[in-house]
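Below is one structure, written out as structure tokens; comments come after it.
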Amino acid sequence: MSRIAEKTSLAPAGLATPIPLRVESPGFAGSLATLFHLARDGRVDLSGIPLAPVCIAYCEYIREMREDDVDAAGAALLALAYLVERKAWSLLPIADPPPPEEIAELPEPTAHEFAFAVDSLEERHRERSQLFFRQGEAADNYEVPMAPGTVSAADLAKAFERILLRARPVDIEPLARHRPSLADVMKGVLRSVRSAGRATIEVVLPEDFTRLDVVFVFLALLELLRIGQVKATFDEGELILEPVS
Amino acid sequence: MTLVDVLEALLFVADGPVALDDLAHACDAKKIEVEASLSELGSRMAASGPLQLVRIAGGYQVCTKPECADAITRFLKPQRQRLTRSALEVLAIVAYRQPITTGEIEKIRGVQSDYALRSLVEKDLIYEVDRMATPGRPILYGTTDQFLHIFSLNDLDELPPIQGEPVVEEVGA
Amino acid sequence: MTLVDVLEALLFVADGPVALDDLAHACDAKKIEVEASLSELGSRMAASGPLQLVRIAGGYQVCTKPECADAITRFLKPQRQRLTRSALEVLAIVAYRQPITTGEIEKIRGVQSDYALRSLVEKDLIYEVDRMATPGRPILYGTTDQFLHIFSLNDLDELPPIQGEPVVEEVGA
């Protein structure tokens, strides 16, 4: 069976494109242009494709064609003749049919062949527009939240002030000796809290701590609270630290 | 916290489709376990709530169910750029014939296509894969992951068939 | 789709805390209903799953529970360092054409590039080298040592040649 595809999908005038003839047979389904290309590349067995209906459909098309488009008609005729010749050779009982003549202008697959794909892509796009994903920027700014039930910022500030009062006052040296990085202090605090299980702030501070030690340890503590590695609570006014398992 | 929960959390914070490998690495779990848990998460989400798990652009991602589209549209007032029919046609040709040059596309369409190509590059739907080693070194275009994403495709094998093409492939095989 | 579900969907797609008013408007519901549903959503999330509803910065937002922190940290770290295609493109232009202004970059790319530039500055891959002595004093960007570091370059001379560029340089020399 052959039928003529939508005529409106013809390529714009002025270009030699084959007519949009669609071939449907047990051995092949697709446009005449595609069949031509497959035959030329030896990728289709023409003996399984009846060409008579294709020729009849072609004649019908020419008859119905309102405007005389000699270029389109010629291009399709060339493809048809080529197919008939190839098929004829393939039916003859000879091992090596002569190579086909090289045809100068090959019919190319035309845009109408993609019409179905374009339709289904359009439909997919419409369906997809009903779905919403989290926006990229939101994820970019994503921070792991603080543990719920932790103390408030004001509570922490009070605890900080209290412990600062007990620190050994040492003059700040402008170019002080090398200090550990915040990451190192965080590791130290986390180690102390984990080994103690449940600890007060003194446990994580060095013995005979200075005000600078307090500042460093608190910074580390805040960071650990923020990334959810340590949980802080108040017990009778005392700041209690626990590791988050 | 079960593995299913952790996976849900990871997909929540991710800014795009996440590959199975990355999920397995973050969870410190075997891929086969992660796959089973993802399938459980998918069924759980499908059964209730407004979210769903999809396989898209080569990974897993969570998105809303279509039923919420109206409220979300009111909320986000998204300016969805619709693709014109001609842009879609060029996109389809690139998708099925990639890598392909402007010249080849114009031969198929019979019309100039550089404007459509440029706008598709700007929308990050196609990109310059390579250049041909012929005079003028024409650009070869291919589709991006963003292309897969906006058409809800996991990979190029999921493209809808061109009319007749599947049969053609069988014949050629 | 219940009101609770729709609210979950809205908070899922939102890129920050959402005010009660905005939620009520998007759901086309009364504030008092929305509040009740938010409280139901909050309890539901608290009871199971890896997500929680928090009140933050004058609005509502969904985030993960702290128990998932380890997996998320493992997951986000490499992801944060991954550069998007457009960021890479901007970075390449800055690398080869530095010092360069936003306007010049946008002229080359044909698309707005300030978001990519900002994210590259945040990642410490480019920095404000100077400002041009022209009206508006546009910022001139250049690449940082961190840029050399992550691309394993010793100095800028080691950048791979752009196609055709070496010839241009010879002509100019």
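Letters A, B and C mark the chains as written, and numbering starts fresh at 1 in each.
FYI, a contact is a pair of C-beta atoms (placed from the backbone, for glycine too) under 8 Å apart; a residue touches a chain by one contact, two chains touch by 3 or more.
Bear in mind that the values here come from a model prediction, so they are computed numbers and not experimental data.
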Remotest chain, subunit A as reference, centres from CA atoms: C
Per-chain CA centroid nearest to the all-protein CA mean: A
For subunit A paired with subunit B, centre-to-centre distance based on mean C-alpha positions, whole Å: 5
Between subunit A and subunit C, centroid-to-centroid distance (C-alpha), Å: 17
Between subunit C and subunit B, distance of the C-alpha-averaged centres to the nearest whole Å: 21
Multi-chain contact residues (two or more partners), subunit B: 12-15, 62, 64-65, 68, 72, 76
Residues of subunit A whose C-beta touches two or more other chains: 132-134, 138, 140, 142
Subunit C-facing residues of subunit A, complex: 132-135, 137-138, 140-142, 144-148, 227-229, 244
Interfacial residue positions of subunit C with respect to subunit A in the complex: 9, 12-16, 52, 54, 63-69, 72-73, 76, 80, 119
Complex contacts: residues of subunit B adjacent to subunit C: 1, 5-6, 8-10, 12-15, 22-23, 25-28, 49-51, 62, 64-65, 67-68, 71-72, 74-76, 118, 122, 124, 127, 144
Contact set on subunit B toward subunit A in their complex: 12-16, 54, 61-66, 68-69, 72, 76, 80, 83, 85, 88-89, 91-93, 95-96, 107-111, 150-153, 159-165, 167-168, 171-172
Contact set on subunit A toward subunit B in their complex: 11-12, 15, 17, 22-24, 27-31, 34, 38, 43-45, 108-111, 113-118, 120-122, 124-125, 127-134, 136, 138-140, 142
